[in-house]
Amino acid sequence: MTALIPPLPDLLWEPIIRAGLAEDFGTGGDATSQAVIRPGQRLRAVFRARHEGVVAGMSGVRLAFTLLDPSINVTILKEDGCRIAPRDILAEVEGCAQTVLGGERTALNLLSHLSGIATATRQVVDAVKGTKARICCTRKTLPGLRAVQKYAVRAGGGSNHRYRLDDAILIKDNHIALCGGVVSALKAARQRAGHLMAVALEVDTLDQLEMALSCNVANVYLLDNMAPEMLRRAVSMVDGRALTEASGGITPETAPAIAASGVDVLSLGWLTHSVTALDIGLDIDL
Amino acid sequence: MTALIPPLPDLLWEPIIRAGLAEDFGTGGDATSQAVIRPGQRLRAVFRARHEGVVAGMSGVRLAFTLLDPSINVTILKEDGCRIAPRDILAEVEGCAQTVLGGERTALNLLSHLSGIATATRQVVDAVKGTKARICCTRKTLPGLRAVQKYAVRAGGGSNHRYRLDDAILIKDNHIALCGGVVSALKAARQRAGHLMAVALEVDTLDQLEMALSCNVANVYLLDNMAPEMLRRAVSMVDGRALTEASGGITPETAPAIAASGVDVLSLGWLTHSVTALDIGLDIDL
Amino acid sequence: MTALIPPLPDLLWEPIIRAGLAEDFGTGGDATSQAVIRPGQRLRAVFRARHEGVVAGMSGVRLAFTLLDPSINVTILKEDGCRIAPRDILAEVEGCAQTVLGGERTALNLLSHLSGIATATRQVVDAVKGTKARICCTRKTLPGLRAVQKYAVRAGGGSNHRYRLDDAILIKDNHIALCGGVVSALKAARQRAGHLMAVALEVDTLDQLEMALSCNVANVYLLDNMAPEMLRRAVSMVDGRALTEASGGITPETAPAIAASGVDVLSLGWLTHSVTALDIGLDIDL
Amino acid sequence: MTALIPPLPDLLWEPIIRAGLAEDFGTGGDATSQAVIRPGQRLRAVFRARHEGVVAGMSGVRLAFTLLDPSINVTILKEDGCRIAPRDILAEVEGCAQTVLGGERTALNLLSHLSGIATATRQVVDAVKGTKARICCTRKTLPGLRAVQKYAVRAGGGSNHRYRLDDAILIKDNHIALCGGVVSALKAARQRAGHLMAVALEVDTLDQLEMALSCNVANVYLLDNMAPEMLRRAVSMVDGRALTEASGGITPETAPAIAASGVDVLSLGWLTHSVTALDIGLDIDL
Amino acid sequence: MTALIPPLPDLLWEPIIRAGLAEDFGTGGDATSQAVIRPGQRLRAVFRARHEGVVAGMSGVRLAFTLLDPSINVTILKEDGCRIAPRDILAEVEGCAQTVLGGERTALNLLSHLSGIATATRQVVDAVKGTKARICCTRKTLPGLRAVQKYAVRAGGGSNHRYRLDDAILIKDNHIALCGGVVSALKAARQRAGHLMAVALEVDTLDQLEMALSCNVANVYLLDNMAPEMLRRAVSMVDGRALTEASGGITPETAPAIAASGVDVLSLGWLTHSVTALDIGLDIDL
Amino acid sequence: MTALIPPLPDLLWEPIIRAGLAEDFGTGGDATSQAVIRPGQRLRAVFRARHEGVVAGMSGVRLAFTLLDPSINVTILKEDGCRIAPRDILAEVEGCAQTVLGGERTALNLLSHLSGIATATRQVVDAVKGTKARICCTRKTLPGLRAVQKYAVRAGGGSNHRYRLDDAILIKDNHIALCGGVVSALKAARQRAGHLMAVALEVDTLDQLEMALSCNVANVYLLDNMAPEMLRRAVSMVDGRALTEASGGITPETAPAIAASGVDVLSLGWLTHSVTALDIGLDIDL
């Protein structure tokens, strides 16, 4: 089976899964399984969707079991990026019953969260179909989870904004104020940024945009909290000399009108900071 | 100022904040601040609520700045557990401008998330006021964040379920099936559990409950997905010999009726797995 | 071979073994083996008991070699929890001679220590056979080793007390003094403890016990430093309404009389803090 | 106050104390203190000896509190290496009551263990007073604790053997067998060892010793399990050309006769692997 | 004193210095100081240049001492980026003699290495003065040291290339071959790269460059191993539509001619992979 | 194939390779491969020498790929310690193209650096062939890399000095000054050093050497910055009663004359602190 989206190496999943398992096993391990399940007992279980959506996080599911016991069998049936329907089986896991139940919650917690992100992303991506607009997340992620949350956005058909503070320049109102104006901020940015580093500028008004355009420095203009009509005028002013990005309270409902304004990118913080987990369960075969 | 809720030691916050800062600083640090802000420049900024709610995560806010630069001044004005209104100032931070802007996103990401949990919890706690029911979270937390997510539930007036697999026995349908029935599962649990370890049993039907009650082993009966009337009958059957806990799709809207059934505990997974971040911003004083 | 006791996942053993190996290999590795043994040379060796006892720590033995070289063959012949006699072979290890000798000390250090704990525990468990009393360890463990020391107690037939400060309430004299008395401490505990969290109270006198019993809050009474006769009276006062636990200087010699008092639990700190290592050696097959 | 023995930097204590605190605080922190102690309440407590001995581990005691809360006051009254009598106060700690009680067990667990090692070492050192023999520990330490266990031996007036496998060559029977004899092992060792690396050889018989002496390579002869008379003959054979070390089941009772044989070093594994914790308590000032 | 270049937060220096100190202190700490220096003895010492150059790494120097003992006094006299002459004093350190000598090697090892990088960079930067060319490092860094090596290049007046594989697209010959040609590689890159991510293309010939220019996708053309005359033609072909970068065996001697070709960037791997340490010593004030 | 030099266990390589990969993959992974290479595409590539030298670091090469993907095939053709000629193939790697290209830089960065050390060492070792002198490195290593840098010296035919501050005593001028003279420093060292710990003394003059020889304590005399003739006189004064070591600015050119003086050891800091990377490339088979 070919991956639908380029995978992240296990190297990036493993510390997250280890953290989840360590939080769950604590000092004594799974007291319930130890008490009521025979050590030798085996079990087969399936991850089953209870809601439609897009799946993300299957590497984490696999590791939640194999880090507990390398001899367990995990079969992935729905790769990250797949659309899934209720009752679809996403993966099977077969092995020592104590291991299957021991890894269950860690696997489900991450899978449901990341699939929730992928599902929400896909919803907005679908909403703007037919426009050229990309759907993009932000740096509003949870500590320790940025790599996998950003990956889940890609699994949902979205695109990523900056990964960190060091991979692009993004000049906001505070920077402008501290630096003494848009022009001096842009000049400083261009001069000191690495030659492979893009410069983005956040603007609130068309006047600001006009002044910035005259500098011819920014690669991207982040048009903050503008209505579709104003976005349209901004896009027209930029006229292909740079990319345009709309941001500020965009929802699946407002996305189509915003995308229709001709902006290149819509960025939405809630894709990663206020996501609803996708409902997925582990059903035991008995 | 006295803490409203017992604090967690920094020991538990620090690795989370370090992870967030490391994700944001990467290899090169904050390229924008480096490019457009003078190293010596100082800044004062305030964390301001944009929405009403309950605050949680102030230790994380403080550490997001002091781990970057111990000489920075952070003043907490709203302790964890406080109800806040839009425009309330939650904290002030004053120091080197590059540090203030460098720690901003890590601080806001965690604060907004945990305050979102505290706010949601408080909403449900308020909804069941007048009943004896406690509002409780589950183990449906995000990897690496369990300690602070559970703490945020307490900040919202809620209570915590198991922290891990090792601190209480919770027998679910799968365990019963694997162990050969409710009675043998309960006996095995009581015999092998530590003497300070509670035993909880999840039941789906009143018949199961009746059988379990005859064993007189469980300290808590988790009544899964029962309607209020059925819960009322279950509470009456248990008759104070153990605690009763309702779970399964409980919302702020359904909580009052469920609590009115007389159960001791309502447990809600979404408090930690599907939380909406509380909208809080960092405003610069210029 | 079926495990005699529920195993701990390798996840909990691995950091301990890595620490031990790192302490031993340092910067340059095993200078002696490097100097006097040919890289290609193979070796077979057996772990052999030099004293009777109970074995614990075999997962650690396996990892001490496989973390150095995954291709090494380790065969466990005596599972954790087995009683062993002098000259019994506990495990065989076969592979590259440098690896066998490189992992030897790490393996033996942990195995001898944990088997010492299991052996001491078994001695006390056997001493109270015929009573209902469980033998229990405390939180008097060594930093970094709590999970495996508590596991070794289980391997010896014992039971575990609290794992940590967060999984049960244990009110001691200092808490009572700070809280203003037994009654207010118990009330505060019951109100604020999680619903799955047991409340234990340490009492020194029967008067304290009487006052505490009137509150009907504690799940366990820890009867500290009481003579058997006084324990008998305490047990009779509690009369099955809670569990009773004796503690304070209990030895294999005094345990039978204490257990005969009818208490449910005997807890002994020295099982983990002052254990004599079990004498086990690695014999080379040449 | 001048340290009695050269201190270890906190760098080596800190991970051990962090591990101990993490094991104790888990996910939820100190449930008992949270439930029954007001957050603002302050407390003063003293570490008091309940038994005579030698103290070791005071840096760990200090860190057990300051890592929880840097504002706590810890005053060390008995430095590592001090002889202490029952009821002696070793240290005072004053600060937030939740912190004092939260760090108590981590502090006591390490302090009692290391002071137990220092006390046992001092007992043997005193037993051989008047001879030139040093008392030495081995690599039979617990994983993660080697640096502090070896330090405790120094605090008790003892000396350290190898720290690791990489700082000296120690040729044992297995090495000799694998290398094809004492002579070839010694030659290989001398040729391949670093020029600052000592070579020690374990011998069981005087014949072996004689053969080894003819090579004139070893800096130290480890005389294993020899009776005092045989040791005396070995010392006479070596005649100052190398150091001599006695090992194998040495106790405080047998040490004087062994030391009287004229050997330079007595090495004892049980100083670190089978130590009895020194009884020390934390008394609250109320 | 104002920093000459934007500093890196201690967060990025600390793990490196901890690693260095841990490697040096091992299990037993500084045996020499422990043996020959009184614990109470104090010392003042200065870091003194023995060669001219540019300094980088002063945060590391400070941490090498303060991580051992927070009470030590470290005064930085030459900030990172300063040009220094032989016998210049770079920093003073005053405190416990065992700490000063204990941190010496860790401090010097990092300082000499990073100052070597800064010095080499400055040499090339000076060599191309008068042209517009920037001097740039590559990803040819040592594991664990990338952040500080890249920082040292900035301290020497240079600029940084990609920090990692995730912050820009760099298409090399292997990618082109695997993707089926320059055009399809560029199209795939533009389509799938984040909107803030630059696309660079490595070309070996002017034909390749011409084909690439027709796609109008790449932001940077990396002109590999071209002689100055060929570079001049390439620059002229690109004609300001993208940035041009020369790479391949550039030395301080060849840099001026290459820079004179009009390229925007010269990138040199040896600045970080084959650097000569700057000779700096620690002189004790006695 | 038998290893030419005793290997280091993967335990010591793994954290270094993980650090390198983490620095390269960052948050998003390899953006270029994700954009332009099909996930299913496979690749075969060879590590090929572009310069003659001695290879070191093959375990790191293997881990750079297998830590990304355990199913990749890595075949080592030239073991550490081998002399290699330009165009020699050192290793083959075959597997998923994204993995091969993803691990490339981490593998090459470490391999080139360590092979540079081995090559430089071998050059000096060869230069002194025919004398008894060993070539030795120092503690002038890079933080986090000491174990592998010292290993690379051994791969080049060299020998290691102290690994750390705790494995031998090395008395320098500062220690002598602080201790009140050579004689008191030597006496303190002998008395307090472990019995397996060598004592080395650095001397600048023959007078110092004479005074030191009269104490008969040092095992090694480090003759600092002496010309060959003076070294010859020093060797003659020591006359086999201890080892002699020359240090201070030794190059491949000056080494033969210094070695001819009869010293036992030449130590050279630049072998690890100022090494030129060996030119090795990864060639793709297409």
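We just call them A, B, C, D, E and F in the order they show up, numbering each chain from 1.
Keep in mind that, in the parts below, contacts are C-beta pairs under 8 Å (C-beta built on N, C-alpha and C of every residue); 3 or more make two chains touch, one makes a residue touch a chain.
Here the structure is a predicted model, which means the values were calculated and not measured.
**Student:** Spelling it out: a chain qualifies if it touches chain E and also touches chain F; which chains qualify?
**Tutor:** The shared contacts of chain E and chain F, listed by label, come to A, B, C, D.
**Student:** For chain C and chain F, which third chains touch each of them?
**Tutor:** Intersection of chain C and chain F contact lists gives A, B, D, E.
**Student:** As a test of understanding: of all chains, whose mean C-alpha position lies farthest from that of chain E?
**Tutor:** So the farthest one, by centre of C-alpha atoms, is C.
**Student:** Looking at C-E and B-E, which one has the bigger number of contacting C-beta pairs?
**Tutor:** B-E
**Student:** What is the distance in Å between the mean C-alpha positions of chain A and chain C?
**Tutor:** Going by mean C-alpha positions, chain A sits 44 Å from chain C.
**Student:** Counting only Cα atoms for the centres, state how far chain B is from chain C in Å.
**Tutor:** Measuring from centre to centre gives 32 Å for this pair.
**Student:** From the C-alpha centre of chain A to that of chain D, how far is it in Å?
**Tutor:** 51
**Student:** If a residue has to touch 2 or more other chains to count, which residues of chain C qualify?
**Tutor:** Residues 23, 25-29, 33-34, 102, 146-147, 160, 163-164, 166-168, 170, 194, 197.
**Student:** Tell me, which parts of chain F touch chain A in their complex?
**Tutor:** Counting only chain F, the residues touching chain A are 18, 21-22, 25-29, 33-34, 38-40, 67-69, 98-99, 102.
**Student:** For the complex, give me every residue of chain A touching chain B.
**Tutor:** These residues of chain A touch chain B: 16-17, 19-20, 23-37, 41, 43, 97, 101-102, 105-106, 108-110, 112-113, 116, 139-147, 163-171, 174-175, 177-179, 185, 188-189, 191-194, 197, 270, 273-277, 284, 286.
**Student:** Quick one: in the complex, what on chain A touches chain D?
**Tutor:** 23, 26-27
**Student:** Residue numbers of chain C touching chain B in their complex, please.
**Tutor:** 134, 136, 159-163, 166-168, 170, 194-198, 200, 219-220, 243, 245, 264-265
**Student:** Along chain B, where are the residues that touch chain D in the complex?
**Tutor:** Within the complex, chain B contacts chain D at residues 2-3, 6-12, 146-147, 150-151, 160, 163-164.
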